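Please find one structure pasted underneath; my questions will follow.
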Amino acid sequence: MSAAEQTAAVPLRRPETTVAGWQRAALLLAGLALAILPAFLLESFQLFQLTMAVIMALAVLGLNIVTGYNGQISLGHGAFFAVGAYVTAILMSHLDWSFWATLPVSAVVCGLVGYGVGFPALRLGGLYLALTTFSLAVAVPQILKHKAIEDWTGGVQGLFLVKPDPPSWAPFDPDQWMYLVAVLVSAACFLLAWNLIRGRIGRALMAIRDHPTAAEAMGMDIATLKTRAFATSAMITGIAGSLSAVAVEFVAPDSFTFALSISLFVGMVVGGVASILGSLFGGLFVLFVPNIAETVSKAAPGVIYGIILIGFLFILPDGFAGLLRRLYARARRGAG
Amino acid sequence: QQAPGVTANEIRIGSTNALSGPASSYSVISRALTAVFKRQNDQGGIAGRQINFIVYDDGYQPPRTLEQTRRLVEQDRVAFLFNQLGTPTNSAIHRYVNQRKIPHLFLATGADKWANPKEYPWTIGWQPSYRTEAQIYAKHILEQKPDAKIALLYQNDDFGKDYVNGVRDVLGPRFDAMVKLASHEATDPTIDSQIVSLQSTGADALICGIIPRFAAQAIRRVHDIGWRPLMFMTNVSVSGAVVMQPAGPEKGIGLITSDYRKDQSDPAWANDPGMNEWRDFMRRYIPDGELGDNNYTYAYGVASTMLQVLRQCGNDFSRENVMRQATNIKPLDVATLLPGVKVQTQPNNYNVIRQMQLQRWDGRSWVRFGGVIEGANV
Amino acid sequence: MEGLAHQIIAGIATGGIYAAVALALVMIYQATHHVNFAQGEMATLSTFIALSIIQAGVPYWLAFLATIIVSFVIGVVVERVLMRPVQNAPVLTHVGVFIGLLLIIGNGTGWIFGYTTKAFPSPFSSEQPLLGGLVSAHELGSTAVTLGVLVLVYLFFRHTSLGLAMRAAAYNPRSARLVGVRVGWMLALGWGLAAAIGAVAGMMVAPVVFLDPNMMLGILLYAFAGALLGGIDNPAGAVIGGFAVGVLENLAGAYVVGTELKLTVALAIIIGVLVVKPSGLFGRVVTSRV
Amino acid sequence: MALLEVEEVFVRFGGVTAVAGVSFAVDDRQICGLIGPNGAGKTTLFNVISGIYRPTEGRVRFAGQVVTGQPRHRMAPLGLGRTFQNLALFRSMTVRENVLAGAHSAGHAGFLANALRLPAARREDAAAAGRAAQLLAMLELEAVADVPVADLSFGTQKRVEMARALICGPKLLLLDEPAGGLNHGEVDGLAELLRDIRARFDLAILLVEHHMNLVMRVSDKVVALDFGRKIADGTPEEVRSDPEVIRAYLGDGGSHAHAA
Amino acid sequence: MPMLLEAKGLRAGYGPTHVLHGLDFLVEDGGVTALLGANGAGKTTTLRAVCGMVKTEGEILLGGENIAGWATEDIARRGLAHVPDGRGTFMELTVEENFRLGAYVRRDREVQADFERMWAWFPRLRQRWKQQAGTLSGGEQQMLAIARALLLRPRLLLLDEPSFGLAPLIVQEIFGIMRRIRAESGVGILLVEQNANLALELADRAYLLETGRIVVSGPAAEIREDEAIRRSYLGY
């Protein structure tokens, strides 16, 4: 019995709800309506915050695919976020592409980069992979600044771009539109991720995380699945990066330091490792809690943030998703 | 006539700074600014109004700067923005504030792009730009040793790269032939390797655009390996207490910088009225502040400038008038700036501090030499 | 050629810094099977404490000793207070707590002790620079201290039953309890020792790089890389790895790509080596079979 | 031609020779027992057959094809299923998900098809779910179908492994001590089950087991190993009475020890 | 004189699920108590409860002292050794290190002598002395687990399916060893074993568990003879 068996890498999953098709559709619609509502209720600044939170949630979702579900620890997902942001920024500011056209390019480029990173990841596990990915996070700002590509990236000065304009028929201001864009793109990604995780591939990813040798004996091609998981994950996080580039309307190397990767990681842990819904919570956490920390103390908001983070993990060691699971289990016991 | 952020008894001013994270050493600036405004409020405020200075943390991350700035503007409805920290961070909001026509005043960064009244009329910096400073050093080298080989050590970010740009401005096509570059990251533990590399190029002049910790290392290491170039240090990193003493004061003899501030650890200013005013302020408002930290003298200077603008506003604190006054400052002496260095602006010239003076470390303090240099016109 | 020699010497001097911190990482890894990302910040805090003690007029070596003891206690307290409640939580939650700890200690140190760069005294104060000024007496002395600590750590893990129990507790707490190992105390002890080693590292590093709250920020990454390069379960490997990273990084910067990408290239090389040898150059390969 | 042919296989780990030149064959629909003292090399041989280890020398033919050196994940699609001596379940997943994971090699839908839930992917999923339900019923795992496997007792987990190995309909099933942790009654049940499985799924079984009673009862033939060498190969009766086997493995009271 | 082990109203479970619903059982000094039952009956959980690995209610008296709620390591230090299911060896450490850990709490000078005794009993382990335990075969690991437990020189030994994965010859030997240590040093044994026949032969007291409750208890010999019980609970 190894130590790993005792503290399972991830919280044990309780069975998912089984709901009928129409119920699921209804839930989905309700959720979407709930997500769109803020666009009409909030002030534009709050809407901007929420937009950023949704974007962070999407990035956390990407991380969750590879780290949560597939067990490949990445401390460097900020790098993919950066690549996505820069692809969009470069295409928009140098080549005048529309935002929408940059999305698939950004997804493909990030997917390829992720695929590439997936290869050393095949040989390296645990801490070694953590170092590798963390190195990536540390290296990306330097690479972005490098003079060889300065003409494209804008070097240390970064690039400016503009938000996508709301379509002329729509009665939205740019902030509302940006929020809706972020929600729609993210919702689509969440849905696809949800499908992926529930199906054959999702099971394979988790199986590989839990017991690679047994997974191989079941016919799972670890190399292919892991590298593709990395690519998928990078793709999702990269799309989040693209969204953030237009939401902030500016990219610079300093926007993508390793602190960003750490934030995403924190988002994943507090949201709940290997949880789709948890990723959403993680995005909200990393965006809003620093502000809460700041209202407590201006002198050292970082200290307060750290305390809140640890306190949260004390209360919910398996993240927000763990709470949901327990509530669900209790409800079921109560009902049954 | 209700201007945003201004009521009968309050003026709201917003700012962002790195209160958390690796850049939080600059958070003392916000602390000092808050204290200066508190002193002003204690003395009755400005035009009968109390100053409410709101600072938010951006952790030196540009997206958060935008978030916090929007919060200040859209939620807290500040009258204007003042002394936000950092180049990438301010870049992220550059367009936002100009589109919204919000005064974006006296930024805590030495990039020279803030002095661009044509495209960005609402943004104005304060300190002399790093680029200007680098130009001064390059010119000085050309005067002293017209065919010098110049080594340039810089931090690989906007701050450091401005030194490269400044030297390039002066040398033009000769840059590649004359200059050997080495950069370091803010997270590097030491810069020994870079110094060894630069020494081995046979350079006889060395310009450093690096932060205090590395400055102390560089001064010490250059001395220890027996290299004796004509050495220049960015004025960001020349505090007697924070750089020269740790490096070993005798190891820095001959080091040149050009500053616009008085160094508080320099005995020459022991009885200087301006510095006494500052010390008195520190004693009363920031008793636990580290007196060796020259962010305090910086903050005192920039806050004084801000107060001058507010006084000039009379009773009209509309954004237009604040901006008008901020760009019409008659040459002004500020307590913590060197004699002869003035704060001044014109609507077509946003370089707030244009003068600097070369000074040389003599083992105990900085000795000024040459006249006051008009940097912006270099 | 002289340039090359100088780069290597300078690299070894810097590598000594990484090696010292890498040792602390190995210590905590052996005791808990985690790498504590807040290790650097804890060491910085210890160094500030040391400075306060020295500034209070205590002789250097006494302050040195006192700092080690205080740091040990801090390590134990951190484990008891912050790690204990999440003992049974999923692994990644621990990483979350490390990040929280890093935020608290990193930001707290600046807040308490100020942000300005400070000189930290060296016990090996010969003003005579050696090897053409590339190495100071301090660097030689601190390397000796690092090697001394290495010997102690090595002996501790290989030849004491406490060291064995500590490793057992990290590998398999449940079985360790069954043989009577007080797992909780082993973890606390591991944290204490790691903090103490970190304190030594901090006090050896600070005279070279100068003391400020972010002193260890970059060092930790290099130390982490060094420890993994050498093999995270091998103290001697970690020390060798630390030195290797120092030299490698300098050579990459000076001869391969120029300084702007030297970190990137150094890391790429390290990762390349690890891909070939996935448990580090001197790490033990643990086989698990079915 | 035999379904499985093991030819002169050697496996060495540093100084230890775990398997030393073993050859034998298993025919279609045959149940073959593999016995031997602890450390004789049975599990190692299993790992060679299922591609987890590459033999130092020798090779393995499966369904006429040399499979030695094939990537590990190729074995399942060829029709090889296995269980593990020390349980190798996907611990964070439920029983049903574990069994479904076993159906991986029967499916083809990739990332995109899964993410988009294309009809093909849905059909595959539905088919797998159907087979999983059948197997859960057959192995009496329905009650715990949605319980995470980590929460189950040892014996139950063993059955989950069996279901997982069966769902793909392998041609050859490698069972490493399936009777471990079963009591007498359950062992009897297992014997029934194995025969039943062979009949229903039309497969061959290679069975490692120390439970002599079971081996002797269900096997068509038995291979005995000692110190990595083959010491006997024949019908259960032949092997049981082989003096070498008695000396090395069963002991005089062997039948007594595990007899029931 | 108190019993070596006495459980009174022992309840235990995992999180919200209750597995044991109030068990009473005894192990005498130098006695062997067998715990039998089908898969999932709660045998393993009972052993875990006795050595503090799961949350319990009720009394667990070890030599008259209530150890309920104690930490596992403290219970081990009171001379209780446990060979858990799944073996509980240190897979990443060498055989030698496993031995040393087995004797970790001992301060006497006979550890080396005990090592030699184990070598005599399990020559395989001596051959594999410097090998990583995780690379041992299943049966070798089981031997190691038993040796490791015996090296504690326990008063009470908990064995969870000790015959698991062992070849018939070794099983005989192990049961022989158990008889010997019980006779020589008065060690008490609480034994969970699927091979009921073997277990009842060794034991002097037996309990039959069904879904967390004791359904039959009594002298082992009687249960062994009782055809009805054998048929309905032990399946033979």
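Here the chain labels run A, B, C, D and E in written order, and each chain numbers its own residues starting at 1.
Operating definition for what follows: a residue touches a chain if its C-beta (ideal position, glycine included) is under 8 Å from a C-beta of that chain, and two chains touch if they have at least 3 such contacts.
Per UniProt, the chains are A, C = Branched-chain amino acid ABC transporter permease; D, E = ABC transporter ATP-binding protein.
Not measured: the values here are computed from a predicted model.
> When every step has to jump to a touching chain, what is the lowest number of steps that links chain B to chain D?
Graph distance in the chain contact network comes out at 2.
> Please find the path from chain B to chain E through touching chains that uses the fewest steps, and give that number.
The fewest touching-chain steps linking chain B to chain E number 2.
> Give me the two chains with the most inter-chain contact pairs.
That would be the chain pair A-C.
> Quick one: which chain's Cα centre is the longest way from chain A's?
That would be chain E.
> Give, as an integer number of Å, the spacing between the C-alpha centres of chain E and chain C.
Chain C and chain E have C-alpha centres separated by 43 Å.
> Report, in whole Å, the distance between the mean C-alpha point of chain B and the mean C-alpha point of chain C.
Taking the average C-alpha coordinate of chain B and of chain C, the gap between them is 35 Å.
> What whole-Å value do you get for the distance between chain A and chain E if each is reduced to the mean of its CA atoms?
Chain centres of chain A and chain E, defined by C-alpha means, are spaced 48 Å apart.
> Which chain B residues touch at least two other chains?
20-21, 24, 156, 185, 187
> Please list all residues of chain D that touch 2 or more other chains.
Where chain D meets two or more other chains at a single residue, that happens at 43, 52, 84-86, 88, 151.
> If you look at chain C, which of its residues touch at least two other chains?
Residue numbers touching two or more other chains: 103, 107, 110, 171-172, 174-175, 221, 260, 263, 288-290.
> Which chain A residues qualify as touching chain D in the complex?
By the definition above, chain A touches chain D via 5, 8-15, 192-193, 195-196, 199-204, 206-207, 209-211, 213-222, 228, 232, 274.
> Would you pull the chain B residues touching chain C in the complex into a rising list?
20-22, 24-25, 27-28, 156, 181-190, 192-194, 196-197, 200, 212-213, 216-217, 221, 223-226, 239, 241-243, 245-246, 290, 292-293
> Would you tell me which residues of chain A are touching chain B in their complex?
Result: residues 43-46, 48-49, 52, 138, 142, 145, 155-158, 160, 244, 248-250, 252-255, 257, 259-260, 290, 293-294, 298-302, 305 of chain A touch chain B.
> Quick check on the complex: what are the chain D residues that touch chain E?
13, 16, 36-40, 42-44, 85-87, 151-156, 177, 180-186, 188, 210, 212, 248-251, 253-254, 256-260
> What part of chain C is in contact with chain A in the complex they form?
Going by the criterion above, the answer is residues 29, 33, 35, 82, 85-86, 88-93, 95-97, 99-104, 106-108, 110-111, 170-175, 221, 224-225, 228, 232, 260-261, 263-264, 267-268, 270-271, 274-275, 278-280, 288, 290.
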